[in-house]
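Each of the next two complexes has subunit A plus one more chain, namely subunit B in the first and subunit C in the second.
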Partner chain A sequence: MQKIEDLMRAKAAAVLADGAADCVLAWKRGIFPYDHAPALFRRGDDLADLVYDVFCPANLAKYLLATSRAGERAAVFLKPCDTYGVNQLLKDHRVVRDRILAIGTPCGGMVDVKKLRGAGCGTILAVKDRGDVLTVTTAKGPVTVAKGEVLLRKCLACKGNAYQIADDEIGTPRGTPPAPADRYAEVRTLEGLSPDERFAFWRQELSKCIRCNTCRDVCPACTCEQCVFDHPGSGVDGKAYVDTSQEALFHIIRAFHVAGRCTGCGECGRVCPQGIRLDLLNHKFAKDIDAFFGPCQPGADADSPAPQSTFRFEDPEPEAVTRQDDRRDRHA
Partner chain B sequence: MLKLELRHLGALLDALAGQGKVYAPFRQGGRTDFAWYDGTAGRDAAALDLEHHTARAPKDVLFPQVEDLLRFRQQGKKLGLEAAPLPTESVVAFGVRGCDTAGFAILDKVFLQDPADLYYRARRDSLTVLGLACGELEETCFCRTFGLDPAAPGGDVDLWLAGGALYWQARTDKGRRLTEALGAAVPFTDAADTTADTAAGAAADAVPPAVAAQRDAVHASYDRLPLAELRFDDRLYHHEREAFRSPVWESLAATCLTCRTCTYVCPTCHCFDVRDEKTAPGTTERYRCWDSCMDRDFTQMPHGNPRKGKTERFRQRYLHKLVYFPEDHGGTYACTGCGRCLQACPVSLNIVKVEQALAADLGAVGAAPDGKGGAQ
Partner chain C sequence: MQKIGVFVCWCGSNIAATVDVARVVAAAREVSGVVYAADYPYMCSEQGQDLVARAVREHGLNRLVVCACSPRMHEKTFRACAERNGINPYQVEIANIREQCAWILKDKDEATAKAIVLMKAAVAKALLDEPLAPGESPVTKRALVIGGGIAGIETALDIAEAGYPVDIVEKEPSIGGKMAQLDKTFPTLDCSACILTPKMVDAAQHPNIRILSYSEVEAVRGFVGQFEVDIRRKARSVRADLCSGCGICAAKCPSRQADSEFDAGLRKRGAIYIPFAQAIPKVPVIDRTQCLKFRTGKCGVCSVVCPNHCIDYEQKDEILTERYGVIVLATGFELLDLKRFGELGWGRSKDVITSLQLERLTNAGGPTEGRLVCPSTGREPKRVVLVSCVGSRDTTDRGKTYCSKICCMYNAKHAMYIREKYPDTDVTVFYIDVRTPGKGFDEFQRRAVEEYGVHYIRGLVGKVDVHRDGTLHLTAGDLNSGRQIEMEPDLIVLAAAVTPSPDARRIAGLVTASIDNDGFYVEAHPKLRPVESPTAGIFLSGMCQGPKDIPETVAQAGAAAVKAIGLLAKDKLLANPCTARCDEQRCSGCEICVQVCPYGAITAEDKTVVTLEGVRETRPVAVVNEALCQGCGACSAACPSGAMDLKGFTNREILAEVDALCW
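And then the complex of A and B:
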């Protein structure tokens, strides 16, 4: 990744110097080998801290809301999966195209620090990326881990190495994406359960929620000026549960709200401090939208009509969902 | 000091449950968190996890995320008020690390100062803390920055896992009362019984070799941690105005998501909101719940919000811990070095990065008036 990082620094320096951008959204080196933070670099900032390796999972697309709002032109480094978020922001009219300089950045999959710890790396002191394997220096000595074993869950549902929007690209050829997995496999397993079993599963998952709202705050599709769950007049601005059904409703309402706009970036599942499988909820909606309205990949472009906000005579009636459930129950 | 073979941990949990509700760390689904011991799957002796650090601090044992305060009931033309009963049930917190007992001490400074918070005091009085010395440290640990010792947890009873056994040392009256109450229900042995001829008093104070070795090992591993030498810069709280006006806030806050993760996992964050909720026709319940300075309606008042946006709220969180709290409490930072925000922040912002950026920015301000450099 060293070479890519150098190219990124040079690109950042160039666009800031020639005025192509007012600021650069990238990742900044942390204290540990893995805690790189999204950062806004401006003219005069030290670009030596700009970092890019397997520990840059954060999708920078959502920060464009603030820079675009401020009237600034932001250069933003985007992994292939992050480019979907930018298109979706454009389609939702949340950002101004002229204020974005999208720079495609190759990615071969990002590493989950929690999985790394689980793979016998207790106290992580240094990490060396050797392509297919990582060599981790721990307090107890070096540990070699296969990268495929410790990739973030969102990377296991990788959509490939194509940029959906890019004004520029860093490095050629593009990164080799992780082996594509069946992103709906677990959804199908859940669909195969009885309604009671499914209810029990979601009851258990959603009961872990502590209402930190991180899933909402990280989501490139959650862009309301003021979320209904933060609005004191809404009657549902719970900062905490009074009973657990409120947490369940929060997540279900959010999933409905982003349905058809969720790009499947998987950030919600990554950031949940309680480890709730929010990605499954959104994948279920995506899968159903595919089935009912035809194949749809939100964020693949910035202008095609969205299935949930476009009426067509051939759209299925709501009973389609019930029929689907009936069929499944008969099979069960 | 007493000693217990690890195979008796289940018996210990059951005996503790006889003394009160037991709050302990259990591992489920690859993560460890405090939960109420009830013997069911995932909350039983088999799931008890004294090795990993918990994802969240156990502060909710004293300061629950939601706590009922009052119920208003409309009865004809009268309004009936019922205060929630004080939580006086005995509770045992089992396996609390030093950073988290230090967290309790910081909450005490807030809630027990005159006038004491009645609900907090009731919970505090009913709580016996079984501290657990650290074995494995994480690279995010920095408790020694605040003068804490990972091998000295500072509970009412302190516990060490060493040499395949659990060592038990009562430190306070509460701890001694609990030890006595457990009595014969737990097959403790005297940890110093190999030196049978030692006087009883001396034996009680003696540190068994296994515990001493464990302490030394933890101290040695701490020395190798990346943050082993980290010191917070005391100049910060002697220069509140400069810290407040620092230009670092704008750039640090720029990529904060303003989620509440850091405030919810933190052992010292203690802001709360008081809310009313209609729970049935004619009935309203007043409760308090954790608040978060990351929240947009944090300190919202009828006239507006004195903290206009995310930069101001972000600054509030860190100045509260690094400046306002030490100003008010004799130099004590509202941070115990547990490292949870270092691990939990979805965008890897945390108190260490903020402190370092701020201290670097104040580089030109000069030394603290008392000449001290680091925090102790």
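And then the complex of A and C:
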């Protein structure tokens, strides 16, 4: 990916120089070869720190909230999956279109460093992306790993290499990880459990929450001026720490709030320090919305009406939900 | 400081038999904020309200909690009582300990415990109740009637007579509805057309009535007093202003493929047609799906023969936008599609027909000029079987669970028609029960049996075989004798269940009227408000509310008119003060509320707000038009940040109620 990195640096330098953008949102090299972080570059900053490789999973879309609000025009590098988030921000009127210079950036899948370690790479000194395989320089010597084995979970549900919004593109589109046969396979497995088993699963899963709010911070659909959970007048703030049921409610309410707006980027599940499967919760909503209202991909565009906030005569009646549950219970 | 009085009603024994009201009073006295609590057998009575007034005076109450029946019943009563005694009517809370407690529970301890919890929830909300003041809104003094059958015509005439302009919107080319298709009407056997057509003429000639036929309601905005309605005037392809109704075009039209809707498919009609001789308006329409000119570009016969040059192939649908104060729904009924009743011969023999088709066959204006014949042979039938309850009182998913109400009477009527005109023809009625309550109804049915010699057999028709030569073989069970019956009737008439008009659901969505599981419109109260929809300003007339015969339909149509007139007579309406309010500081401008608002009451507007960080900035926020807001709360439920709140039902109040229920 060396070449793309160079193209990105050149592009960043150009847009900053000719005034096409006031700032550039990209990724910055970390201390270790695998901990790159989102960063804002301005004129005069050292663009040598700008980095792009298999360790740049962070979706930069959400940072547009701050730049747009500050009245700045930001150039932002977007992987195909990140473009959905930008459209969602536009649809929610949280960013101003004119203040975004969206630059499509090709992606061949991002790597989960935990999986990489599990694949025999203890101390990672350097990683070379060779397409289907990675050559990892470890303290014990070079190791070759198949990239497909170490991809992030969110990349296993890849939505393809098309940009949903892009003012400019760099490089050429790359092959994406093999699309999963069934995007909702894990949700289906959960649905197959009895209600008691499902309840037990989620209670266990959500009880791990430490209310760090990282899921909320990273989510491109979670963009309220002030979250209800922070609003002293809402009657629900400060209730999060009493017992585990309220931790669960935080996530359930959040899932309801982003339902129909969640782009399925999987960032919530990726960033959770407790490893809670928040992506599954949101995928369940997405799957149900698909089933009840017809296929829907939030973020595929910036203006189509959201299925749950618009009424159409052909919308199903509420009993469609119980019918679905009945059918499943009969099959189970 | 909040001083709450709690008033627990016995409702005679309705509540007191199941709920220990004294314990509820004792529990209320323990709740913080409550300074007075009492019980009384009938709190809504004058004495009960006096008790409230005395308590307000003596204890300085400023909020009331009434534990009684549903707020739909007496919230108004107690709000008025509060206002008379100097308390803001919106600081009254009702705890429904009758419908939601006493009536559904049997165990007294359990019911009392629940009543106490409901009381506590109401107190929790009352503590947070803010005084609200309703605004006023004007009334557009014009009524819209949707549906031009007997129900719609009657309602329109009554409203017009009271001096208010009325528009009738009818989707068919003519008003008249189902009644225009009937031959005679029970229980007097007078000719249907003779009593209906003069009313149609009255409606057409009334200076206050405008008939918008071949038109459909497409969009409804606004609310009671100020509805704004888009009406699609479908292109007739005929200029109504020039047409004399001579009918030459219809007579000469070479297309004869379409089934006549008016003759229930027993006759073909042209692509250009007038549905029936007495149609109002008597202006033909071109059915563009059938017309050769529209399908192939060749023809144009009607245009050539028309003496007044009325044919206009270029005519387009037009949208008429009009304002109304009230809307009356009179969308009528249809017969159940019998496609799943093949075992009764439906769809397999032309001689298995519906009762409505029989009406056309016996009607002098019908396809046979009133001669009853078997459609397959054109010969008069010698044995006729009438089958009741086809799809009515049917608990399987192909039928309807309700009784269609009119079939027992029209079966007796049909049997009499036939026996009267064709004394040699044998008529047998299969029935589950004969249901004939109503003035002169039972006598009517008995006449069919006793004077006309109609055979009534209590039993269900099991199956009808259609032989290769077209003859019918019917197998049925006689429930009284337990015997199996075999018959070879010439004609079988199925009394198909009545169902709401297929359009009723769409219209319910447009005006936010409620519908029941069968698709009939729901009344605001089944006994006390039978002609009103729960949505203010929407009234119900005729079959669209449930199965009923013509006398009942006309009575209900008149009642709906009176309710509509009562509203139109007012110059101003008190608006509901429980409207949504936006906390602009917390509004993110996502516009979810704009999308979910069924009344178009919310818009996003650029406003200068001070952010929570104290920064002044201009950004789009939701703005509620209080005149349009109906207080449904959809926005407040949908708002992810809790910026949208409903006055009188704030998020905090609802959570306080939930907390009171849970602890």
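Following the convention adopted for this analysis, the second predicted complex is superposed on the first by the 319 of 332 C-alpha atoms of A that agree within 3 Å, B and C clash if a C-alpha of one lies under 4 Å from a C-alpha of the other, contacts with A are read in each partner's own complex, and residues count from 1 in each chain.
The rule is short, and it goes like this: a contact is a pair of C-beta atoms (placed from the backbone, for glycine too) under 8 Å apart; a residue touches a chain by one contact, two chains touch by 3 or more.
Everything numeric in this text was worked out from a predicted model, so none of it was measured.
When both complexes are superposed on subunit A, subunit B and subunit C sit side by side without a clash. Partner contacting the larger number of subunit A residues, of subunit B and subunit C: B. Shared-chain residue A:Phe313: touches subunit C; no touch with subunit B. When both complexes are overlaid on chain A, the residue A:Lys128 reaches neither subunit B nor subunit C.
After superposing the two complexes on chain A, the angle subtended at the C-alpha centre of subunit A by the centres of subunit B and subunit C comes to 120 degrees, rounded to the nearest 10.
In the superposition on chain A, A:Arg198 makes contact with neither subunit B nor subunit C.
In the superposition on chain A, A:Pro232 contacts subunit B only, with no contact to subunit C. Legend: residue contacts after superposition of the two complexes on their common chain; A:Pro38 is shown touching subunit B, with no touch to subunit C. Once the two complexes are overlaid on the shared chain, A:Asp92 sits against subunit C while remaining clear of subunit B.
Think of it this way: put the two complexes on top of each other by chain A, and the tightest Cα contact between subunit B and subunit C is 6 Å.
Judged by the document's definition of touching, subunit A residues 226 lie at the interface with subunit B and also at the interface with subunit C.
Across the complex, subunit C is touched by residues 92-94, 223-228, 231, 233-236, 257-258, 305-306, 309-311, 313 of subunit A.
For subunit A in complex with subunit B, the touching residues are 30-32, 35-40, 42, 58, 63, 66, 113-114, 118, 122-125, 139, 210-214, 216-218, 226, 230, 232, 237, 239-242, 267, 270-271, 273-275. Interface residues of subunit C facing subunit A in the complex, by the touch rule stated above, are 505-506, 509, 585-592, 595-596, 598, 604, 611-612, 620, 638, 640-643, 651-652, 655-656. Every residue of subunit B that touches subunit A in the complex is listed here, in rising order: 29-31, 55-56, 65-66, 136-140, 221, 224-227, 251, 254-255, 257-261, 264-265, 273, 275, 277, 279, 285, 287, 289-292, 295-297, 300, 342-344, 346-350, 352-353.
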